[in-house]
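A, B, C and D are the chain letters, set down in written order, and residue numbers restart from 1 in every chain.
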């Protein structure tokens, strides 16, 4: 089976595994107080200047989201999220389990518009409703789409004007940062959000995410929340070593770039074959609309997700690429489609 | 500095790192549904027979404790724990954060006696108090002591008679299983508890714990709780590969044995030098009582924890060994003590 | 100002106040263990036969909802509610504060259809989503509409088939039970739901709701949850005395009937004047659509809620009646409308 | 049976019932936004000057404690309470249910000493432990004892120096304020604590407590927390009317005084009969030590609580008086003791 289902099907990028091997028997203190974590933070900070940030390493995306969000909210405060947001539909109520409602802003392409945000904030105006306090965004979104710098600036200003925190889930930030249409740098994220995370798991790390907290008011005691939520890794060095490797020589960007370029190749191939897409994406997630019969055929050799029903005979599928996707994988996928079409034409 | 502070100062045991390297670029599905996790569960199950158990792999001890305990308790139910229990004083209120009180049973040596347990259960008899529902034990305890099979049986029967769940934290179970005085096998834990975990982090794994749920009534939907608490590792295979390696050829026991034998060597040396101990231990944690001046002297070359004040001029310290502790480390520690004593004698 | 805003603008129905006065200096034990609570439960039970139920008295609707729902759900289980449900938009995240997501089923008229329910249950099919476990309904709904017996039976059977609990919020059950189109008796609620509450606050009580738990599996230890959530009134007798009075001689039904008949009178008047309604209702809540200029005019003499915008120049308003609404109140309201229309006609 | 068990065995003080009757059919807006609540706040504020406070009315003590404490704490913050504190042993884990540990400070007489407080705060010094943030005290304590003004000042200064909130449970504050040895006025509580509550339920109200928040930083959005926890009474006026009555003409103090004077009479009688007491108290709770045989004898005619075992043949009992206790009740109790003693002497 060839994998277009997930971008975390392997262990780590070989460079990272090699770093873990080389440091394996060195001894360090625990819980992220070691030299490697310090070094990794310094490498990352160089990309965030001039905003001075607190950086913490956690083990996964759901953990990072729930630990940060529960850390900053008061009991009567709620999260705003696009209905497509990972915390809204794909993390088993992890935010609610910490006591906070996720108020959904309807979205089809994964993005929140300023207008939709304004409307929902305005509607929360009595003591019988929660106070919206944190806007959750993802970039790229769960649909592979991207916010432009201007869009993020507008949302950021609205949040500041309305005393909302802006938190951005960067599970696939490597893909966003290196997308052809990208207009946002790491320093922009530090400047425009109160916190965001740089995803490692889906961009070549063995595991791990780097949470960047730029709002000084939200930095206090965060390690207490990490420990309480089971998010303070005993051998914290493992995360430090990986993120040092990812940001010492731009490996993080290289990995994102590789995933994107394979997605672009695939997208061009599908476009040539005239398949429509649910949304336009130049990151490592594509959402073409396929006939159900083709999907069944392809599932014999390829793994990928059926995202949603499109119409009676078509579905939207999700195709994901990663640094380990090869040109050969893409060509086999496209060939299989053509084979199916030829076979299908004969049978009619 | 020579480490007697923690048993998780390195990466992983070399055999485990090697297994992670060899499998690194193989592709698997995510979230613990892969072949390696399946294999690891089968290896572990052979040690648990005839009790048929559900096995899950999580990332750390605090996470395992909070995920399991919150999974099984109703809102009005509480945990019973020795006052020395890790969840009671060393996990930043992680259990309370899920809504449940940890009722402390006073303990000095880390163990719960049947008498103390009976008394506290009897005292909880009105609607104005919580219903105790789960007894939390550690073996070895946080003081390095061990429960005998008879002791665990008595506690287990009491729990059954009083409809209490018995859950055992095995963060250092490798040391317990291979201690000279040990009378409990893995199959006994499966039989006598409702659930327990086999600690990897402190016994040679890169990270990870294997939770064993033997009570069928507590098995349902546990993966939902894992996902919700951020405890479902995307690349779950990493845990499967490690635990397969640990239990395929008894590596888990070998690592525990190495830590214990170094602790025994150290204990014999300290006994020869006539240091008293807070409690007797034949696992990898020792709690000798040292003069404060000696502690200051040793801290120049060795890391270790000062556990508690003993009297005006003495403290209880904690010395921990691991598979990576060498005979040379032990001898240097003992030599340093003798050097201090000689210098001290001269100065008087 | 004449009140069409709330049905809890006074103290209690005079009969109830009188009962509280007469019993005031009698002494009873606390926390609902008194004679009056026992008596009230027996009176209510006669309406529930043959289903044998546990009955508890709580202080308010939000409290009843959050205490019951958190009592029965496991951490990974969620509530299903129409988007119009009180717990979804009008109780300040009280359910989420106990750790559970409220999954909204889109609704305009306040009711859940079987089709919408089926679809949303089917969509929750992975470990990355919560398990829907409890369906929350209100009757009458927050829009004043009613479920027929057949509709409730169909929903109830679906819940049984899918291991969902069915819980019904009866904040205004007095109005439902006595509505012209009503087809459901108290014994039907006991039979078709796992639990429901009989609202006192909005039907003549000083305060208080009677929770009826008919599913024996959900009855255990409920008083512990009440105490924990601050819902176990010290002078529990106050609730017992009130509900005994309400159900000893059908006062509960009489009060509901009075509210409904005033609403019917108002509805007929508005219909004669050709105002459209958002939904048809024969309970004590009406949702007519009024010109905004008329609303401004009426607000000088009448209190009522503007429910939602209808179009540029019209809004949906909510008019509520209660046992204390008089025919005179209705006639003044209708007269004011006619005055406005005449004045308006002149100005054109 | 004559009641020495609870001070909330009746409805309300007749003056309060009368006020509720007179206002019963007046209409007001809901949720505490009415005229009576406003008036009651103004009456209470006159006792708090010069400290300007926010005042809220809630329905019971457990509800007030859990709503306020959860409102002010961050997830990683804990409560400090004497082991005798109501929240520690008598409220069914209500604080833990909101996510916060109650750290117990050992106490026998119900009070916290500065030394014990210092020690436990100093011990919480790592990321593996919670941050103590709020000190919970009761006055009078659960043992009927009182803090002096000097004692409360010292604790208050310590709290300020260590950034701890000081919160005081005044369930029986009426008894404290009117005790012979009292040195603390309501204005002192406002000045020395961050918040405290004035208990109504146990001092003549039908139900209800008045929470006084003097720290401006803790006042924001408190009504949201009230609504969320089910603590915002729909007919909030009921609480306003009662507290207006209690503080308009010093009724609150008069009721406390009556309870105290009956307790003093009882105490003098018991002292004459040479019964020892667990602690000295001049409030409305007494803790004499009685032979078990006498306790059995008295339980035939009197209700009271057996607090704890004293020795093999003696127990500590709790006797409570209230405004409704009569001289006759006291004399009958003392007579019964003498009868028992005479009978007992004969039998020997």
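In the analysis below, a contact is a pair of C-beta atoms (placed from the backbone, for glycine too) under 8 Å apart; a residue touches a chain by one contact, two chains touch by 3 or more.
Each chain and its UniProt protein: A, B, C, D = Aminotransferase class I/II-fold pyridoxal phosphate-dependent enzyme.
Computed from a prediction, not measured in an experiment: that's the story for all the values here.
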{"item": "Interface residue identity across copies chain C, chain D - same or different by half", "value": "same"}
{"item": "Remotest chain, chain B as reference, centres from CA atoms", "value": "C"}
{"item": "Whole-Å gap between the CA centroids of chain B and chain C", "value": "51"}
{"item": "Chain C and chain D, separation of their C-alpha mean positions in angstrom", "value": "34"}
{"item": "CA centroid of chain B to CA centroid of chain D, Å", "value": "42"}
{"item": "Overlap residues in chain C, where contacts from two or more other chains coincide", "value": "75-76, 91-93, 97-99, 127-128, 130, 224, 227-228, 232"}
{"item": "Chain contact topology (line, ring, star, complete or other)", "value": "complete"}
{"item": "Chain B residues within the chain A interface of the complex", "value": "3, 5-6, 8-12, 14, 17, 20-21, 23-30, 59-67, 91-94, 97, 201-202, 206-207, 224, 227-235, 237-238, 303, 324"}
{"item": "Residues of chain D defined as touching chain A within the complex", "value": "31, 70-71, 74-76, 98-99, 127-128, 130-131, 221, 223-228, 232"}
{"item": "Contacting residues of chain C [partner chain A, same complex]", "value": "75-76, 78, 89-93, 96-102, 127-130"}
